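Have a look at the structure below before the remarks.
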Amino acid sequence: MRRTLFAVLCLLLAVPALAEPVKSPIPIGIAVAQTSNVALFGEEQVNGAKIAEKYFNGQGGVNGTPIVLVFQDTAGDEAGAVNAFQNLINRDNVVAIVGPTLSQQAFAADPLADKAGVPVVGPSNTAKGIPQIGPFVGRISAPMTQVAPHSVSEALRINPKIKKVAVLYAQNDAFSSSETTTFQQAVKDLGLEIATLQKFQTTDTDFTTQVTAVLGEDVGLVIISGLAADSGNLVKQLRQLGYQGLIVGGNGLNSPNMFPVCGALCEGIMVAQAYSSSTVDANPVNKAFVEAFTAAYKKAPAQFSAQSFTAVQVVVEALRKAEKDSGKKITAMDLAAARAELNKALRTGSYLTPVGEISITPEGEVDQKSFYVSKVKMNSDGKTGEFVLVTQ
Amino acid sequence: MTPAWFIQSLLNGLSIGSVYAVFALGYTLVFSILGIINFAHGAVFTLGAYLTYALAVGSFGLNGLLAGVSLPFTLPFFPALLLGGFLAGLAGMAVERLAFRPLRRRGADALLALVSSLGVALILVNLIQYLAGAEIYAFPADVFGGLPPAVIFRVAGKPVAVRTAQIILFAVSLIMLAGLMWAISRTRAGKALRAVAENTDTAALLGINVNLFILGTFFLSGVLGGMAGTLIGTSYGISGPYFGVAYGLKGLAVIVLGGLGSIPGAVLGGLVIGLGEAFLPADMSSWKEAVPFVLLFAVLLIRPQGLLGERMEQKV
Amino acid sequence: MSAILSAEKITRSFGGLLALSDVSLEVGEGELVGLIGPNGAGKTTFFNVLTGLTRPDAGQVRLCGQDITGLRPDRIAALGLARTFQNIRLFGNMSLLDNVLVAGQVHARCGLMAGLVGLPSGRREERTARTRAIELLSLVGLADHALAPAGSLSYGDRRRLEIARALALGPKVLLLDEPAAGMNPAEKQGLAEFILGIKKAFGLAVLLIEHHVPLVMGICDRVAVLDFGQLLAVGRPEDIRKDRAVISAYLGGTA
Amino acid sequence: MDVFFSSYGFLLAMVVQQALLGLSVYYPLLAGQLSLASIGFYSLGGYVAAIMGTHPALAALRESLGFWMFPLEWLCALVLSIILGLAVGLPVLRLRGIYLALATIAFAQVVNVTVLNMPIAGGAVGIFAIPQAFDSRLAYLFFFGPLLVLALAVAFRLERIGPGRVILSIREDELAAAAMGVPTTYYKVLPFVWGCALAGVTGAMSAPFLNTWNARQGTFDASVACLAYVLIGGARSPWGPVFGAALLVSLPEVLRPLRDSRMILNGVVLVLACVYLPRGIVGAFSSLSRRMRGVKEAAS
């Protein structure tokens, strides 16, 4: 009885697996965290992707065929990412997947897409080893190894008297703990001394222990790798307790989310950025993106939004390219062929995106031409502010 | 270990510990009456912070259903804190009605209340995200009016700094703790509370409306949780709908450390854990999250009933 | 008559309240001793001390000459001291059979593995244990309900099941804590005969706490009287009936 | 059918995997001990497998053992879990009820922080690119399935043999059990350690299953989820954790069309299940079937 019931259930749920054509509008999967505590980033990614959908469909989509984004929530864990991917691959029949939010989730879910031959474009996975998962896995988010030294040397240029440096990082955050090693290397390479190395947790709110340790060392520069909320608090408490020197933040501090946390005390934080919303003059795509985003959400886009926009853009442009190269409409191909063509196209040529000019290497790693060092400039209301470019 | 460091750590520990105590008292009140841990307490903590934020600032950000909606009025901080606490108290009552009373009426396994309160927590947290988004919210810098952000003085040449938010945290917590202690030991309601805690059946015989009483306790517990959430939120910002999870867990450590059901125990437990965290040497800060639980573990092995808990004699 | 169970100068207090003070009592082989006294006299505490549930502040308990003071309750039970409880403590959700089998487990020789894998030795042992358990249930007249949950029994049946369970330990001494509580006179009479019967059949020594004085006087070889933690008197029923201290303290007009 | 398995294969394996974790909570509950330590052992077991599967120092061993590396990982996780289970269980099981539950939560939290502080565990990123045993995630049922069968078989077998009855008697009345000659400490530690071992081995099997392992596997939420499987499924039958896991693991997937409000409904279902199925799914089934049998008997 139980067995027959199971069989019937399977039959009901099963959909015949024939060689599927690509549907029109062309479905692109967005697998980011819409629930759980990772949703803080996922929401920004959703916002950016939605702008991209509208923007590129406004341009006529893929040579006349519109695209449609299919959102599947990955929640905050590995299992959620796998389930979202499975749905996108097998049920939603997407041509490519943009996601997931966290590197840890990528390690669990990307291999599935790779095996199924579905191109993955990681919008925010920066950990080492992700492009190596397989030939279908790529990313547009740069590991910050190249950019960190820039912000530290920029700080040294502003205040050449800096000798001692304090380094702080969020120990339980994958990105921050790898970023800090880059920072530490940069500090050593510049001949500075790391006077104190402090760890904290992204869930921490009280940083007095760390701040007291920093104040005791009389340092001229504090380097922080963390996420927006915790780092914002850390900066706020550093300043409130009397730290006067320069502060360099890692990529996690490159978010307007930090502004409400440290308020006016955010002023002057220097961040290394993979994305800057103030490059609108030189970059028409970014101009369009920033304008559309600001109109929709009443604030300037942050890096996560820009990167998810970029990921969608890369997929759309590669689809266009694939049509041109093969001489066939994507919607005329069967799904597997379309995915393969798209993957090939993704890794050729370069893209002018909101994050600047990028290309994807054959291995899947991103090659980003320019990074930015910006300084936080707070508005007089003490709640809002912006990142002002220091160098380019 | 300099004197300045000692004083600094002491101040930090007392300030955060007193909020732990306020928060944990919410757990303790419910536990002393029902013998059950209310897993939704952390969610009420979060809710309290959001409510006060809404009242004090007037609007939420750009994600979630309430994006762009703003209140026609805003309140100064202290009225907002009180009203937010009151509303969190109502939420506490809703938790009772949804997660606890139906189970009590059906005489279900007491453990099941853990799961159903967890379900309510899940609803609350995701509802917050649905309505207000997953963004970080921080109270404006001038939330306390024109007070300076911190006071700095020197001890033996080294600076000791006290943030205004810390002082307010400590002061409000102390007032709440003192008020609660007084109410429980002196007022009629407090005595009735102790009677119900002692024995529900006897209390019913004495003419106490037990259901109403439990509802009242949940209200009080919600007020404590919600106000603790606001206090932490003003000091450190509201880090999204999952803001309360870590505190919820820490609160459990506090009440068990102090002794389940013991009100002075919750206060002592809060202070011990707050001080324990504050006095952790800076180079061990990566172990900070483990402090409450290591303390809890150690105390339970030495005193299974917690610091101030009463030893339960088995009745034969 | 050699003492099989002896308590020497047992003292125990709870938070300043002296529950037992210098209580000494011996139970001889095959003897039935009654323990009477008003509520709160310390009778149950005395049982708890004997069975290891409560540690005495001072004094010594011996079973068959061996010092068992401070041993864990399960060790004491395994050595041959079985008991019932004043407020019946059965395993309510388990069947009658399982209740008895739990106590019989003390005698099991085969380990957990043998049972899990279903080795022949384990199965054989399980069979014998079941047979014995059914015998014990028949003895108390409950074999028909062997598979019903213990919680479904009537009050009197629960008392009898508890005795059957205690007997499954194969005890040398059986401690019965108010077995007749809540029974009507006819049932009490039946119980008295039942106790005498099992005592004889199993060659047991029995120590019996009972409020119902006529029952105690009727069947016990000796009676001990406890009052406010003090042992007032020990002796044959007819002597106790005449004991002045006992009469004034406890028996009052009923003597 | 193909689409079903390719879309839901992972979910099926996941249900079985979570059912194992549910059972690891179920075992100590047999003796009335509410322990939430399982997730700590699950996390540790996963780290054992992840480290053994990726550490460069063990490359030669992996080379020579091939597929047999996996059973070796399970064995190591098993041994570690048993040793640690004994070390934790012996002192902790003196505690009663909610104290025990909280002490075990504390244990899992401390494990979490410790792991984050151990360089070999890869910090917050954890360990990734763990060698796979199978091509498909569904095939991991070959790992989890037999373990589940074993765990269920032991649970059902326990109901019929002496030591199992003894364990149950402790849940019914620990004091009376002691007075009936039951060495209660031993019979409390036994199912506790067995639960720890089960969780540890499940973790070791899960590291390749998820392909990555990190400290977030051992969160408090996960601990409570395991308890929820047992209670929602039914704490009085070994099928309970299985049905509970099946419901609670697949629920968020079933609710996927609701998008960002799905977790709200998930919570609602949890509350409703507690209120309307106070004895769990299995309990509701058995009383339903009893009633149906009653109707049949009345009719005949």
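Order of writing sets the labels: A, B, C and D. Residues in every chain begin at 1.
Going forward, a contact is a pair of C-beta atoms (placed from the backbone, for glycine too) under 8 Å apart; a residue touches a chain by one contact, two chains touch by 3 or more.
Fair warning: this is a prediction, and the values are worked out from it, not measured in the lab.
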B-D against C-D, pair bridged by the larger set of C-beta contacts: B-D
Most widely separated chain from chain D, with each centre as the mean of CA atoms: C
Closest chain to the centre of mass proxy, which here is the mean CA position: D
Separation of chain B from chain D, taking each centre as the mean of its C-alpha atoms, in whole Å: 31
Averaged-CA centre spacing for the pair chain D and chain C, given as whole angstrom: 41
Where chain B and chain C are represented by their mean Cα positions, the distance between them in whole Å: 50
Whole-Å gap separating chain A and chain C, where each centre is the average of the chain's CA atoms: 73
Touching two or more other chains - residues of chain D: 116-117, 175, 260, 263
Touching two or more other chains - residues of chain B: 126, 129, 245, 286, 289, 314, 316
Where chain C touches two or more other chains at once, by residue number: 53, 85
In the complex with chain B, residue positions of chain A that touch it: 35-37, 39-40, 42-43, 47, 171, 196, 198-201, 203-206, 208-210, 212-213, 215-216, 228-230, 232-233, 237, 239-242, 257, 260-265, 297-299, 382-383
Interfacial residue positions of chain B with respect to chain A in the complex: 5, 8-9, 12, 16, 62-63, 68, 126, 129, 133-138, 140-142, 149-150, 152, 158-159, 161, 163, 232, 235-237, 239-242, 245-246, 277-278, 280, 282-283, 285-286, 288-289
Contact set on chain B toward chain D in their complex: 35, 37, 39, 98-99, 102-103, 106-109, 111-116, 118-127, 129-130, 245, 249, 252-253, 256, 260, 286-287, 289-290, 292-294, 296-297, 300-301, 304-306, 312, 314, 316
Chain D to chain C touching residues, read off their complex: 154, 157-158, 160-166, 168-169, 172-173, 175-184, 190, 236
In the complex with chain B, residue positions of chain D that touch it: 34, 91-92, 94-96, 98-99, 102-103, 105-107, 109-110, 112-114, 116-117, 175, 220-221, 224, 227-228, 231-232, 235, 260-261, 263-264, 266-271, 273-275, 278-279
